[in-house]
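So that you can tell them apart, the chains are marked A, B, C and D in the order they are listed, and the count of residues begins at 1 in each.
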C-alpha cells in the first residue's frame, strides 16, 4: 500500500491487533469483587516504563487521587499520552515521564505549563510525539474497534503530522488524501467515574469525554468512583453502563477523587486549589513543595481530603452543576 | 494505494466526503418546529429512487408508522440498506425496492422471508449487494465520522466480501490484511425513538442499536417519537440526547409507532400481529391482502391504531419490559 | 426408571447447551442458540455472559428472546448499548463463543445463508449474513447448529457467507482473519461434530442416542472424518427437559 | 456623553464577539473565545450554538467556563456527549466557525502552539495542538485571536500546528484538507485582519480606535496587505462593557 507521507515521530507504543486480542481473551468475564485502595491498585497494575494515560483531564472528572498515588509510589520512566492539566503536571514535576504522545499539556485559563517546559526543555522528557486531541482519541477508538488504524483528515499538511507517527495515503474509493492513525493500546488507563459497582460496571453523568474509548483501548483499567453502588442499580439501568466490568481490573472508592477539579452534579472545581498549583509550579522548588505538601506528606486520599478540610469540600459541593 | 481484492458488488450509493460536508453546511442549526404528520414527512422528504433505510428493525423500536406511510404513498425504485424484518418486508411486498445493500432480511424466529424471496427471485429487485450487519453499520459510522472508509476484519476470505463493494488492502503499520468499507450516506433515514422535542432532539431507552450512526449518516432524517417532550427536559438531561436537533428534518408524533413490534419500557411486541404478516405473506395474494387491510385501507397511523384496537394495545403495554 | 421421550430438537438443544463454557462470553443468534444458552445458564454455565447483536450484554434470561434486539436480550443486563459496541467487542477479542445457524455447511465449517444457486439469479434467496459473518470472523470459537441432511451438509456451500476454515489449514490467517479463531463444533439433529486439527475438516464426535454412525454418514453430503471411538451423547436429563418445557419454551415456539 | 474607558482586551473581545454569525455552530476554545461567545450570545447572536471540545453542544452560557470540559460548557445544553461526537461533527462539516488562539501566526494564518525553536530541542515547549489542529482542519471558517506583536506575527511559524492556508492558494486542498475551509479573520489587540482571496495572505481590515495603521504594521513581523480603505472598529458600547464586566467576567479572570 503506497504511503505518501510518514510522520517522523516515534511510534512509542506499537500495536499488534492479534496480540491485543490474545490479551483480551485472557481477561476474566467473571463477576469478581475488584474493590481496593489507590495504593493497592497502583502497586498492582502500574509499573516503571509502562504506557499510561488518564481521562478526562486535570480539572474535570479526573482520577486525581490515582494520579497522586502514582507520584507517591514514584512509578518512573512512564510513557504517557494526552491531554492533561494538573494530573500530568504532577507526573512531570515529579520527574516520572520519559516519553509523551502529546496533544495538550497546559493550565488552560492559566496558560502554559511551567512543569512541562522544565521537563521537556531540560531533556528529562526524551521524546514528544505530536497529535491533535481528535487524533489521539481516534487512535484509542481504533484499538477499541479492534482495527489497526483509523483514517482522518486532521493533521494533514501540518508539522503536527510531520512530528507524529501518522501516515498519509490515498483513499482507494475516491482518491482523496487521508491520514491514517495507528491504533493505541495503553498498558494502564486511569478513569474516574460517578458510580461503579464492586465488579467495575460504571456510570458517568454529563459529558463522557473519551472514557468509552480509553476503557476499551487499554490492557489494565483502574477505575475510581465517587460512589460504589449495588449491581442491582447497574442491572436496572443497563443503558447507562458506559464501562462494563469485564474491562476493569480495579475499582477504587474515591469520594472527591477529582479534587481540586470538578465532578459534574456532585461538586464544582476548587479554584483556590487549582491556583495553588499554578502559583507553586512556577518554580521547580515550588512544585516540589506542593508535592511534599499534598502527596509525599500524606498517606493517601483520606489524609489528602483531611488536609483540604470539610469546609472547602462543602464549598465545592455548593458550586456543583445542577440538573435544571 | 495497492488493492489486493475488490468486491464485485456495485457501490449503489457512492460517497463524496466533501459533497456530504457541503450538504451538512447547508442544514439549519436554528431551533425550528419540525413536528408534522407521517404523510407530510414522507411526502416532503422521501422520493422515488432515493436511498433509504430504517432503524432499529422490524420488531424492535422500528418506525413502522413511517414505513407503512412509504407504502401508502407508493414511493418506488427505492434503494435500501439493511437489515430488516416487517418494515422492509412491507416495501418488498409492495414492489417498491429496486436495489439492496442487504445484510439480513428475514422473519427471525419465523424463518426466511417469502416477500424477499419473491422480490429477488423474480428479478424485481435488480441488485443485492452483500454486507454483514457489522459492516453496514461501520459504513454509516464512516460517514458519521466524515471519513471515506473504515477498516474491518469482517468479511475477509468470504463470498460476502466478494459480493460486496469492499476492498482489501494491507495495513501500512503492521502489514496485516484488512477490508476497507466505503462510507455510506443515506438520502433518507427513518428512526423511531422514545421521546423527542419539537426541534428533533431525541432520547432513546434501552439498546441504541445503530441510531446514533444512522442519524449522522443521512441527508434527511425523519424521526418518529412515542412522545413529544418540552425542550426543557432535553436541556435538563443533555447527556441523554442521542440525536441532536440539527440532524433532524421532521418530527412525527407516533404513539405505538413500532407496533406490531415492541418499544422497550413502553410496550411489548404484538405476537399475533407479527404472526398475521408471517402467515399472510406466504403468498403474494396474502401479502397484498395484508397491505390492503393495514395500509391502503386506512388513512394513516391513527386509523391503523383504531383498527388494531385499544384492547390489543393495552395487552402490549402489559407485556412491556420494566426497570427492575 | 421411566423411559423419557423427547424430540430431536430437544436433544439438539441439550447437546448444544452442554457446550457452553461457564463464565464465557457467548454471542447468541436467534432461535435454538437462545434456548441452548438459557438451558446452559440454568445448568452447567450459571456464569455464562450472553451477548446479543444489537447491544445487550450479560442479560439474565428469564424469558425466551424472539429477536436479537428485543428487551429480553438485556433484561437485568450488564449493558444495553449498540451494535457497534457488540461487534467491536468481538473484533477486539472479547467474545469467546459464537453460536449460529445456516442453510448449508461444508467440511471446513463454512456457512451459507445468502443464496441457494447463483448469487445474481438464485434458486432461493436466503436472509443474508446478518451478524453471522462478524460472529464467524471475530469470535474465538464458533458453534454451528444445523438440521442434518445431505442438502445442508454439502461438499461446497453455494456462497461462503460466514467463514469456517475457508479452504483449510492456514486459510483464515492468510485471508487476514484473527489468529487462532475458527469453528469448534457442529450440533445437528443427528450428532455432535468437531474438527480435525491437522486438516481442519469436520469430524464426527458423538452420535445422538438411537442414531447410528451410518445414519449420520448417509445424511452427510461429504466425507465425514471418523475418530477411533465415536461417543454417544447422553440423552436429555429429566431436569433438562423440565427446564426446556416448563421454564424456557412453555409456549412451544421451538419444541 | 461620557467618554467610556476600556482595556485593549475588552475591545478585542468585543470585536471578536461581533464576528459571531447568529445561528451558527461555533467551536469555542479556552479563554477569550469563551468571553466573546458569551458576549455575542447576549447581543448580536442570540441563536449562536456553542460547541465545546469534550462534548458540550448548545449550552446556555450563564457563567464563564474556565475549561473546555467543565459543566458550564453543557449547562442547559442540547447535548453532552464525548470528544468523538464533537470532532466527528466538525469533520462531517457541521461546525461553521472555530475560534482559537496560538503563540505564533504567519501571513497565511498558520498557527503554532507546539514549540518555539527546534522541535526536539525547543527554546520553549508550548502546550501542543490540543483540539486546535482539528478545529483548523475541519471548521468551515476559523478566527484566530492573538496578542499583536512582532514575536507573534511572524513570517514563518516555528511549527505549523494548526493549518491556515499552509503555503498559499490551493495548498489546503492539495494536502487533503476539506474543500472551502480556512482562516477567515484574525482579531488582535491592535486590529481586525482578514485574508486576500487571491493570495490567501493576511490583510488589515480595521484598526482598533486610537491605533494607527503604522502601529499595526510596526507590530507585524511580515508584510501585511493593506486594503484601499482601512476601517476603524467601533469602540465597545456601554452595553457591551456592562455585560462583560457585570455578567460575563465579574471575577475579572480576563478583563
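Some notes on this structure:
Assume a contact is a pair of C-beta atoms (placed from the backbone, for glycine too) under 8 Å apart; a residue touches a chain by one contact, two chains touch by 3 or more.
Everything numeric in this text was worked out from a predicted model, so none of it was measured.
When chain centres are set by their Cα atoms, the one at the greatest distance from subunit A is C. Note on chain placement: the centre of subunit B and the centre of subunit D lie 40 Å apart, centres being C-alpha means. Look at where the CA atoms of subunit C average out and do the same for subunit D: the two points lie 58 Å apart.
Subunit A and subunit D have CA centres that are 28 Å apart.
Contacts with at least two other chains are made by residues 56, 74, 76, 80-81, 84, 90-91, 138, 178 of subunit C.
Multi-chain contact residues, meaning those touching two or more other chains, occur in subunit B at positions 17-18, 145-147, 152-153, 176, 178, 206-208, 236, 238-239, 324. Chain contact topology: the protein chains form a pattern that is neither a line, a ring, a star nor a complete graph.
In this structure, the chains touch in the following pairs: A-B, A-C, A-D, B-C, B-D. For subunit A in complex with subunit B, the residues that touch the partner chain are 1-3, 11, 15-18, 145-153, 167, 169-174, 176, 178, 180, 182, 205-208, 236-239, 323-324.
By the touch rule above, subunit D contacts subunit A in their complex via residues 30-31, 53-56, 66-76, 80-84, 87, 90-91, 110, 114, 119, 121-134, 137-138, 159-163, 166, 171-172, 174-178, 253. Those residues of subunit C lying in contact with subunit A across their complex are 23-25, 47, 49, 56-58, 60, 74, 76-81, 84, 88, 90-94, 96, 138, 140, 178-180. Those residues of subunit B whose C-beta lies close enough to touch subunit C in the complex are 56-57, 59-61, 83, 85, 102-106, 108-109, 112-113, 116-117, 120-121, 123, 128, 130-135, 137-138, 141, 152-160, 163, 168, 176-179, 206-213, 262, 264-265, 268-269, 271, 320-321, 324. On the subunit B side of its complex with subunit D, the touching residues are 17-18, 20-25, 27-31, 143-147, 201, 216, 234-236, 238-239, 241, 244-246.
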